[in-house]
Structures are given as structure tokens and as C-alpha cells.
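After this come two complexes, each holding chain A, first together with chain B and then together with chain C.
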Partner chain A sequence: MKLTQTATQVHSPSSQLHQRWEAYVSDQYKLSALSLLAQLWLSHSLFLTDRVSTPSYLSMLLILAPASALYLWTLLLSRQVKKDTGILTALLPRMLGRGLEWLIALSLLTDAVFLLCGVSSLLGDILPTLRHYLIAPLIALFAASSLMRNQPFALIRLAGFLFFPLLAGITLSSASALQEGSAAHFFPLLGKGASSICMGTVWLCGNLGSICLPLLMPGEEAALRRMRQKGKRRGMLALLACMLFSALISAMYTYLLSPYALSDAASVGMRLLMPVQISSSIPGWSLYVCALILLLLIAYSGSVSRCAAFFSGHCTKEKHAPDWLIAIVILFTVPCAVFYSHRLQNLLIDLLPYRIIPYLISLLFTSAGAAFQWIKARKQA
Partner chain B sequence: MADTQWQPQPGGSLTGTYQQKCSQLKQACHTDLSSDIKERTFTLLGGNATLLYVDGMADAAQVTKYILFPCQTAPAPREGCDLYDHLVCSVLPLGVVQRTYQTDSALSALFGGDALMVVDGVDGVMILDVKGYASRGISTPSDETVIVGPHEGFTETLRNNLTLLRRLMRSPALIAEPISVGSKIPKQLFLLYLHDIAPDESVQELKRRIHGCNVDYVFSMGALEQLLEDQPFALLPQAVYTERPDRACSFLLEGQVVILMENAPYAMAMPAGLPHLLHAPDDSAMRWQYGSFLRLLRMFGLILALLLPALYVALTTFHPQGLPVTLMTSILETQSKVPLTLFPSMLIMLFVFCLINEAGTRVPGALGSGLSIVGGLILGQAAITANLFSPLVIIVVALSGLGSYAAPSYSLTLSIRLAQFFLLILSGLFGFLGLIGGLFLLLMRTSALTSLGYPANAPLMPKRPANPDDMLRFPIWRQRLRGTLSNPYHMDRTRGKMRAWDHRRKP
Partner chain C sequence: MKKMICLLLCMLLFTGCASHGTEEQMMVVLLGIDRTDDGSVKVIVKAPSFSGNSDPSSPSSGDGYLTLTASAHSFSAALTLLHATSPRNLNYSQTRQILLNQDVLRDDPNIIHTLGQISGMRSQTTLSICKDPAEDVMKAEKPVIGTRLSRYIDTTLETGIREGFIPDSTLIRVLTHQGGGYQDALIALTGLSLQDQQNQQQQQQAAPVFNQSTQHTAGNMPTVSGKAIQWMGSAALNGNLLTGYLSGFETMLCHFLTKNIGSMSFETPHGVLSCTPRYGPYLSLHHDGDAYTLCIRADLNVLPIYGASVDLAEADKSLTLVITQLLHTLQSLRSDALGFGRIAVRNYLTLDAWESSRWKEQYIRAQTDVDIRLTLVNE
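Then we have the complex of A and B:
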């Protein structure tokens, strides 16, 4: 579906519908990828930069192996259980029913809180004249007025449209700071030691897993069922590419910052702004800040709309969450961000990776069920 | 009471005697009060006949030459021949002669320039096409000027406009369906589309909406647009206007439906969205390199118009770290002499700019240049000399104004100006938070926009298979699709290579 394509498969209303679904799913993946990137950026600056120190990019690279293994395992499992759906979506709902949707909704709610805290802290740092308690409600107001009246469709389209420009903006503005970095920051190669790297990897596995797994949940199943195999692979590739991109960002952060440059007391905003604070590029600063605010705003709105959709059980394209539910989710996130403190930040950081546990348990149960089915089928054969 | 008297009775029939029909028509059109409605009674083949026409709308010379003279010298009909058939076949040398039994259709024809003839012995009323009202000739479009391309524009005459389109598209596939809107005073429209290329859903939806317009009178195409659009509170228009027949043809070829209206010197195409508003008529007439360059320039201008004032205020007021020190020093130096702070200065200057622009539009042509000199040069210079405004503010406003003029559509220019104020106020209050939040809000509203149920900004948001003719204009021979608005069965413009003679490359 290139915009510059000169030939098309569209020769009937059904093929037209199919292409529209494909575009919708592609845009939805881009929204998810943007959310993922925003959370990685935040969690990286909050957790990895000072706790794991130098080799945080190694932690990032290390999680590619378990992520790929998990994906292959679920693919294998789903083929055993049901042939027409090649993803995890068919399996998990069967195990947990409606409870799974609530679990994902809660996970997305913590994402939304995390993102709102991050963006309001960033804005608090760059807008010292504005009262701190006004920032989070203002962001929530922008998100609410954008999402009300069935606008989640619009958010998905917008994410599809802004995906590459946003990535390009952030990359370019960050790259402008590269001349200020030093390769010496990569040494000692193992930073605070292998144990720190492993700790970082486990933390990232938990955090990323709990962000990625909901992407494969029932909301997308209805859409994916209408797509060709190609579409599924592309969706997963987008996630993989996003993780690689994050590894690059992580390496860039390490290249720019001395491992011990940040104190524990440094706010999220200070940490996020660090790459451009050390840069001498003037337009780079504006571009970076604007792109980052937009990225966090999109990610926050995405988390809110998906959270409300999962709470209401309307996680398909045809229906979106009612406005009142979106409003409730937003209203819940605002006080958390207004009363944001170091303690809440630490609590969130500690809480985020554990969200993967219910998914892993359900995956285990599903694996057992699939193995049982497979043995039964072999006996019958 | 008077209101119900002049209003044609819907379904009122003209089936009585000759005298009854005459008095019914005369009463309905108030011949005793309206002096321009002419009534002429004469003898036709021994019986009576009455002719009614509106002076100025019908051509008096044609009335005499093709109706009165032939009727008064008509030969007697053959034995057994119906009088109506005899008049149509042997007496009246006119292209269009119709018969009606309905009062409203008779009155509609009368006030549309036709003549009505009531004949003793003929059922109903005869409608004779002798239109001959004064109209403006075809001239160069005033708002959509081009360097490359034809120079003919639509006029206020519906028939001329239809002819202009027919001349460009000499094909039976071009359907022109007459339809009227307005309950008290119906206004004639033509719904034009290409058979098989425009999706049936678009045509039917537009007809449904037009039939569903419950108004007494539609005074302009803009009023009709407001009655038909999907989201009346949206900032961006959901229909595109053109006063050029060649552009209307390009809309038809894309599968859009074009509406022509009586007394409207332009055509309106629906569904439409942002990509249509960004295109200028001569983009396609130029070579693709030039067309693409101009399109990029235009988009840069619009982004400048939208963001520059807000960005300037946000940076100087809230985020000075985003500006070079030398520039910031210069801004502070100039600003220190000005009594107002930057945000109200910018707001006032933008308002003044809009005022000069509006005054320049409304003022008679000869005074236009004088007003520009007074408004732009003298006022600007005086404001700087009197230290009322900083020169940088005037430069920013001038640049953003220049950018907004790059928009090919006047509706788009106005929506950019409104959005400019919205973003400026937000960024003046909350810095980058306001700017990005406002931009996010605008982008969300834009991406949710629909026109006749179609996503208005496709193929950009959401992505759809389309011609490579959106942000950039790729070569004509790569534009092989009609676009997302056309019938999916006929989406391909052509099969095989467009440059079939060229064996050197594979386009």
C-alpha cells in the first residue's frame, strides 16, 4: 500500500474493504509502536540510565532474544490449537475470558498514568512559569477533547500519518547532539557489572512484554482475521523494528551521557531533555521538545482510548469506548500526575514489569492445553 | 394569507376549462401586480389562446417570431388530428415544447424564462422554450488564475456552465441530472457525474441530502454546502469549489460528483478533503518537476502561516533556550521599547493584518492599491516609528500572511487564519504545551473529518490506494489510478503502459 503505487489490487468492493482493513491494522500497529517507543524512552531515562548505567543498550539488545523466542513459541502454539489464526489472540481469551480484557485494561491504565506523569514532568521543567498542578489537567483536557465523540479512529489515522515524521524528527534532533558525545562513555564495557545488565534485561522483559502482549489481544484479532498472512508478519516486524530502534536510542543516550551524569533526584523532564541540553544545536532543541511532547501526547491518548475500549469490551473496530468511560479513565490519571512525586515514580517503575506475570501464567496454561490437545490428536491418529 | 396565495400549490392541477386554467395561472403569478409578467391573448385556429411570459427572462423577439406569428398564420389541422399534436408538429418551430398539468411545474418554467401557452381545446398548459435573459459572457476566472492551462471560467448561467463541461467531456458517460432545492422558490441544480466511475453510493447519498434540505430558498452555493456537509462545526471545508471547467472535469474523472447551480459562477465537488484544497489548477498542466516544486512551496507557506506566529510567541515568551542568544538579545532590545508584551502585540498585528486584508477585498478595485499602501506600508512604518510594535513582530506577521496567500482555496486560507489565532492564543498562554496540544487537537479533528461519509483526508489519513498526486505530483504516466473516491470496479485509468511507444523503460 505505497502512496506512490501505480497498480492496485482493488477491482471490487470486497478488495477495497480488504485494503481498508489492512491500512487500519497497519495504522493501529503504528500507534502501538509509538506508544511503545514513548514508554521505552521514559523508562529508559528513568530506570536504565542510572541504575544499569553504561550498558543499558546491551540490556535492550538482550531482550530481543526472549521477545523473538516468545513470539515463535506463541506462533507454534496457535498453529497447534487453531489453524486459521496464527497469533496469541485466539488462545488467551479462551483461558481467561472477560478477565483478560480487564487485565489488559489495567495494564493500559498504568501505561496512561506513567505517560501522563512523564509528559507533565517534562513540561513542568520547560515551563517553570506555569503552575505545576495546571499542567496535567491541561494535557488531559487536550486528550479528552481530541478523543471525545468517537475520535479514537482519528487517533489511529493520525498515528499512521505521523509515525515516520515523528521518528524522523526525534532522530534528527537527537542526532544533532551527537557531536557532543564521546565513545569513552561506553567504557567500562560492562558498566556496573553483568548483574546490573541482567537486572535491566529482566526489568525490560517484564515492562516491554506487558506492553507488547496486549497488542496481540482480541482487539486486533477481528481485524487481523481479515488480513493476509503478510499483514501479520508485517505487524510483528514493526514491533521488532521498534525494539531495534529503541536499542539504537539507548546506545545514543549512552554515547551522549556520562554514566554517572544524572543524580537520583533528577526529574523525568531533566532526564528526557538531557540529550538536547548538552547539544549546541538551537533548532534541535525546539524540534526535539515539540516531537517528544507530541509523541507522549499521542501515546497517552492511545493508552487512554485502548484502556477504555478494553474496559467496555468494545475492543474491535466497529465500536469504540463510550465517551463517559474515556472521561473516567482520563479523570483517574490526572490526580496521579498532579500529585506526582518521586515515591510514585519509583512505585510505577517497580510495578511496571510485574504486569507480565498474569500473561505468562495464562501462556503457561495455554501451552499445557495445546500440548494436551496435540497428544490427544496424535493418539487418535 | 398572502404567503399562501403566491406559493404554488404542490400538485395543483391545470385540468379545467380554458377560462379556468387562465384565471388559475394569472392568479398564481399575480399578473395584476407584477408588471413584468406579460399576457397576450390571441386567436388560434378560430379558438382562443393566451400566452404568458416574463419580460426579460423570455426573448420577446423569439416570442413574436416563433410563437405569435406561426400561431396566427397556422393552417387548419387535418381531419382527426389532435390540436396539440398539430401545434407541435406543424405550427411551432421550437426545439422544446412540453405539456404540463401541474401548476408548480408551469410556474417554475415561466419564471425560468419559458413561455406558457393556454389553448382552448388543448389539455393542460404548453411550455415553450424561448429563454433569452441577459447573462455575463464567458470570461477568464478571476480567483483561479493560471499560467499554464485554459482561461475559460464558469458564469452565472447554468446552461452555459453545463455547455462548457459538455464541450470538454464529449461523452455519454457524463450524466447531468437536474434537481431542484428549496420549497418556496426552487433553485435549479445539475448533479454531474461520470457513469460507472462515480460510485453509486456517493451519487445516491448526495441526492438524498439534497432532497432532505428543508429550506424555503437556497441563495448561494455556500448555503447549499452548509446544508450538505457532514460536519458543520469543522474548521476545514468538506467540499471544493472551482470556477474552471477543466478542474471540474478532473474532479469528475476522479469519481467525485460536481454540482452546478443557477446563478453560481463556480462548481462544487463532493466528496472532497484537504488534498483537493491544496492542489492548484495548473499543477497538472505543468511538467511534474515544476508542479511538485510549486506544491511543496505552497505547503511550506501554509505551515509557515499556521505555526510561525505561535512558535515565535512560545519561543520568545516561554522557551528562550530554543533561540540563539544573538537573536534573543535583538528581540529583547526591540521589545524593550514597546509598551505591549509580545503576545498581545502579535495578536493585535494579526488582527490588523486580517482587517487590512478584508478591507482590501471589499474596497472597489481602484482603491485597492491605495489601501495596501496605507495599510501595509504607512501604518506598519508608523507603528514601528512610534514604538507601538516591534519590527520583528511585523516581519513574522508579514511572513505568515504571505504563507497564507499561497493556499489555492479561499476557504482553506480562512481556516488557516482561524487556526492561526487558535494556536497563537494557546501558545501565548501555555508555550509549547499550548502549541503542541492545539496542533494535536486540530490534527485529530482533521483526521476525523468526513465528506459524504468518505474520510476527507484520504489517501493521507487514512492511507488508501491512490494516484501519486497528493503532496507531490508525480509524472502523469505514473498516475494510473483514479483514487479512493471512484468506483472500485473502475479504479484503474488504464491497463498497460501509458507511454506505450517507449520501449526504453518500464513505467
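Then we have the complex of A and C:
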């Protein structure tokens, strides 16, 4: 037996390439999954808690249907691409494809603004002595220093590395507060009514942009297809796990808090920290706060990085967005978080559901492009 | 990225000590609120002075703790005045107990909500109601065992809660109950023991022993108990209104029926029995048209203690009567402290339907049905 030889031939250049692709695709999905979890969690605190009340977890479960449909649609389109470029530019005329990429980048910019407002509100409530206007620039500086100089790939790798520890940390820390909850808080089962649950689901659909991840992937070359498929399968599980996890988080809030506990006046940060207020476990809430901050920071940095990638048209592994573009995207996200107020929060609530529209428009155009190419190929055959 | 995140988390962990030194702030251990004779609100805080100089001639720093007070027409104004006049920033993150005089709560039912809004207030602080002036109770509150007042209060409260004579009335728990509408909160009752009251020329009658047939609340306790402050019984709330008091035994019975404690002592004419549940206790609601019946079922093991003889039929009858009386007392106080509302809410699909059902009105008018079965256990 050769103890020094590994079971797989990792030293072979092709195996190394395959494994890297597999890990890259899987990590991209995990970053999307964490981003989705962070956005759903923020959405729960911003909108669902007071407008849907007790059955917010039902709204979270119901978005599984549109999310699955959206994912399958995107996946189907990605299989039509044979070139090593982004889907939009591969299936559509270049100018139109780039235009749609810009549209998606705007949606990602709104994601980043939303996440930055959430994380700065959270930090503002944790550190009341820190001047409010300093928090958002500090986070932006942190994101800039961690993303520039070819670091977006490090972020993707970090998301893959921290995926399970983060979920485990949130679960463990929340467990300490569960003894303070009550199953009676799940009643009345429909809360403010079935219409409010459906309204919550529709509102949450704005967060489903992360589901359209295959739009980020370059076209599939035959040699690497198998390895990418393996990465996709693992990534799909991560996406599903995070959507179910967000439903569990909603259920946890319902279990811990009575329907009347959250008022309109509470900030997003205060609402995120509600389980901490209830829990008597100091290690538990410390872990909860750390895990939550990490999750939001990774999601924010991921949104900034992807936004810059879509603006520059560099959505592939080999290329990355230029530093100056990342800096500009970050600068655009900061003012909203610095001047965050109740009025601005209401504006965000009105705006956020529309983030899904660029994706839907892109998918519609791309479907038309794919159908056109298929007809053209058939005619030629 | 990893390094940056580690650095950021470390910065977050160290900010507390970096921005606020121990001697740059006052860590409030006790917060008291009183109503003065002229109708204004008096706020009293007790905080460690962190000073080696314990001058016995100084009334404020004799025991290593500094007591600050401020009075104004409202609680908010008094608190603002207190913050303005205190030598350091007041920090409530280590507050162990809030003593609320009953008159203050009766005059301002929203004061508990206001307390929850104080910046940095510890959510696990125990809220207590006192019939005596809160300032007198705070003066008498000293660590009889150990040296730290905060640890002494924590441990004494834990013991009281474990025994069942006082409810677990942390600020967040009371606020959750008040906000929820499914169950009313019970708040721990604190007061001066009789000896201490006599020292202060407050003549009150003492009860000879503790049993369920007498109303034992804080301030109405045996003369010699080893400590000046007593935690015993509870104040019953209807929403945020103070409606009355439960004795130590009634509070323990509430705890036992809601499964917060695993055993209960019960006195019969022949001696004291220890009751532990075999099944239950189960609370349920029977719904017949518009009328509800509050039902309690329990199958209990009873163990005679201190050599008591047992007449099971008599004990059964006596315990059933006591529980029925407790239910009637709670109904008369309009306080759903046992949480029948948690069961009632399951019958409704939407919050609108629940709110329009006017559960509390139905609760007050509800019939009671108590079914207790006892089984004798010999060690």
C-alpha cells in the first residue's frame, strides 16, 4: 500500500482544474445561499413581523414555489449556452445582453443598499456610543479593503468555508433563547389573515434574485460539464437549506415573540436583536450577534462584488471587476445607510419587491433569444 | 477577508472597555421608584461606589454603595434629572432589581413599558412590586451572605423562584406577557420584614406561620428570618393594571399548575404533604356556546412529610377547594395568570377574530371544574 499517494490524482492538471471548478461553482451557490438567507432575515424584520405577524414562516415557506420555478427556468436557459461567457451575452445580441446585465446590476446595488442599511442599523443598536454616521462608512471601508485587489474570489471561498459554521452558530445561539418562548404564539394560525400571508410572499419575491445564480456562470464546456454539475448539485442543496433555514428563523421569532411584541417604531436592528433581549444566555447571544454580523457582512460584500461584476460584464472565474468600479459601487451604497431614517425605511419597503423585475425581464428576453437560436439551428439542420 | 473579519469582531468585543472605564460610569444595581407625599415621582438608584473610603458618617457611601435620588412630576422627568445630577453616566446593563412602589404602578400603568425603553436597561432585570416605600426597601437591602449585593440578589431570587413563592418576573417576561395578551403577568412582591418595619415605627400585624390558609405576602412575614428584605407572593396584573396580590402559597400553586416547579408542599389538618405530578397538571377549556369552563386535571403523588398522617379523601377535597379558590381569586382580579388565554387563542384563525372575542370578559364569567386525584406514596 502506498501511503504517500492520495486516492484521487489531484496532481493531474485536469483533475485539479475539475476540482477547482466544482469547488468554485459550489462556493458561488453557497455565497448566493447566504446572501438569500441574510436578505430573507432582514425582510422578515423589516416587513413580515408587523405586517404578517405570527404566520410569517408560512410566507417564507410559500416562496419556495416561485423560487423553484425561477431556478429551473434559469437552469434550463444556462444549458442552452455553449460559449464560455455569461448567459445574457451568449443568447442575446451583445448590446441587449449588456443592457440587461446593467439592469441586474442595479437590482444587486439595491440588495447591497438594503444589506448595508440592515447591518449598520444592527451595529448602531449594539454600539450606541458609536456615532451613527460613522458606522456605514466603516463597513464600506471594510468591504472595500476586503474586495479590492482580486479579493472577490477570496470572498467566494470564504462563503463556502463559513457556510456550515454560520448556520450551526445561529442554530446553537438561538437554542438558548427557546426556553423563553411559547407554542401559543403560533396562534391564531393565520395571524392577520390569508391575504397578509400572500402579500408577504409577494413582497419576499424581491429577494429571489440570488436564485438566478446560473446567470453568473459562464457557458459550459463539454470537458468541465460533469464537475460543474456536481458543484451545482451541492450548491442547490445549500440554496434549499438556506430557504428552509430562513423559514425556521421566522418560526423562531414567532415562537419567542407575541404577535403584538414588535411595533412599527422599532428599528431593523432592534428587531434583529429581539431574541438576544429575550435570551438570558450571555454566550448564546454573543454567538448570535457575531454570526449575524458575519452573515450580513458576507452578504453585503457578495452583493457589491456581483454588482460590480455585472456592471463590468466580468461574471466568470477568470476575470473580475476592476477595483475602481467596486469602489464606486460601495460609494453608491453608503449615503442611504448614513441617512437611514423611518421615512427612508418606508421607501425601501415600497421599493424592495421590485428588485426581481430586472431578473424577470432578463429571463424573458433570454428565453426569446434561446428560442430564436433553437429555431435557427433547426432550420440550418 | 478572513483577517479583516477577525479584526472587526475583535474590535466589536473590545469596544465596551475601550470607551467606558469602570470608574467612568455608575453601574446601577438597584433602581427604585416611589410616589412622594406631594404626588411627584421619586427615582432612587443604588450603585457600587468602587471606593475604599467607607465613611460611616456619610449616608450614601457607608456600605460601599452610593444612593442617588431625584424627584419630579413624572418618572421620565425624574430619571432625566437623575441622569443630569449623577457624577457619572448611569449604566443599567448590570441592574439586578427594579423596585416599583404599588402606588406608582396604580397611577401610571405604562411605567413598566417605559422602564423597558430605558437605554441599555438589562432585559433580565427582576421587576418587583413593594407595598412599602421603595427607598426604605433599598436602604435595608444588604448582602447578608457574601459581599456583593448583585450576587446576593441573584441568588436569593433564584432560590425564591425555585421554591415557587415568587414568580420569575424579569422585565422582558413581564413586557412579553403585557404585549402578548394571552397570559397576564405576575410580579414578585418585595417588602421589609416585620422586624425591620417595627424598627421604622411601621406597625403591622405579623402572621404566626406560613401556610396556605393565611395571606402571606412580603411585609407580612415572621419577625425573625435572618434578612430584612422578604420576597414573597406576587402582584397580579390585568394587562398593565395592578389588580391585587397573591400570597406566597397561591403563587406557588400557580407555578405548580403551570409546571414551572416540580413539587409543592400542601398543608392538611393532619400535617404537611409533598405533592408531585404523576400526570399533569393539565389546563383546558370547555366551550359550550358562549360559556367557557376553566378545567384543571391533575393526578398527583402525595408524600407525607414531618411524620404526617394522611386522609387521602380529605386531602383531595382540600386541594380541590384550594385550587378552585385560586381560580376564583384570579377571576376576581381579572388576571389570567395561569394562561388559559393561550388555550383559548387556538380556537381562532385570525387576530381580528381573537380580538373581537373579548376573551377576558369570557374568562371572568367562566365556570370552574377542578379534578384532582391523589395517590399515596410511601418514600
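Keep this in mind: the second predicted complex is superposed on the first by the 294 of 381 C-alpha atoms of A that agree within 3 Å, B and C clash if a C-alpha of one lies under 4 Å from a C-alpha of the other, contacts with A are read in each partner's own complex, and residues count from 1 in each chain.
Throughout what follows, contacts are C-beta pairs under 8 Å (C-beta built on N, C-alpha and C of every residue); 3 or more make two chains touch, one makes a residue touch a chain.
Please read these numbers as outputs of a predicted model, since none were measured by experiment.
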Chain B versus chain C as contact partner of A:Glu180, first or second or both or neither: second
Chain B or chain C, by number of chain A residues touched: B
Touching partner for A:Ser26 - first (chain B), second (chain C), both, neither: first
Touched partner set for A:Ile126, first chain B, second chain C, both or neither: both
Touched partner set for A:Pro13, first chain B, second chain C, both or neither: first
Contacts of A:Ile278 with chain B and chain C, given as first, second, both or neither: second
Partner chain in contact with A:Ser145 - chain B first, chain C second, else both or neither: both
Partner chain in contact with A:Leu155 - chain B first, chain C second, else both or neither: both
Which of chain B and chain C A:Ile135 touches, first, second, both or neither: first
Which superposed partner A:Leu172 touches (first chain B, second chain C, both, neither): neither
Footprint overlap on chain A, where chain B in one structure and chain C in the other make contact: 126-127, 129-130, 142, 145-146, 151, 154-155, 158, 290, 293-294, 297, 301
Residues of chain C touching chain A in the complex: 1-2, 4-5, 8-9, 12, 15, 19-20, 119-120, 123-124, 170, 172-173, 176, 179-183, 339, 341-343, 345-346, 348-354
In the complex with chain B, residue positions of chain A that touch it: 1, 3-8, 10-13, 15-16, 19-20, 23-24, 26-27, 123, 126-127, 129-130, 135, 138-139, 142, 145-147, 150-151, 153-158, 160-162, 282-283, 285-286, 289-290, 293-294, 297-298, 301
Sites on chain B touched by chain A in the complex: 311, 315, 318-319, 321-324, 430-433, 435-441, 443-445, 447-448, 455, 457, 459-466, 468, 470, 474, 478-481, 488-489, 491-492, 507
Interfacial residue positions of chain A with respect to chain C in the complex: 53-54, 126-130, 142, 145-146, 151, 154-155, 158, 180, 182, 184-185, 187-193, 257-261, 277-278, 280, 290, 293-294, 297, 301
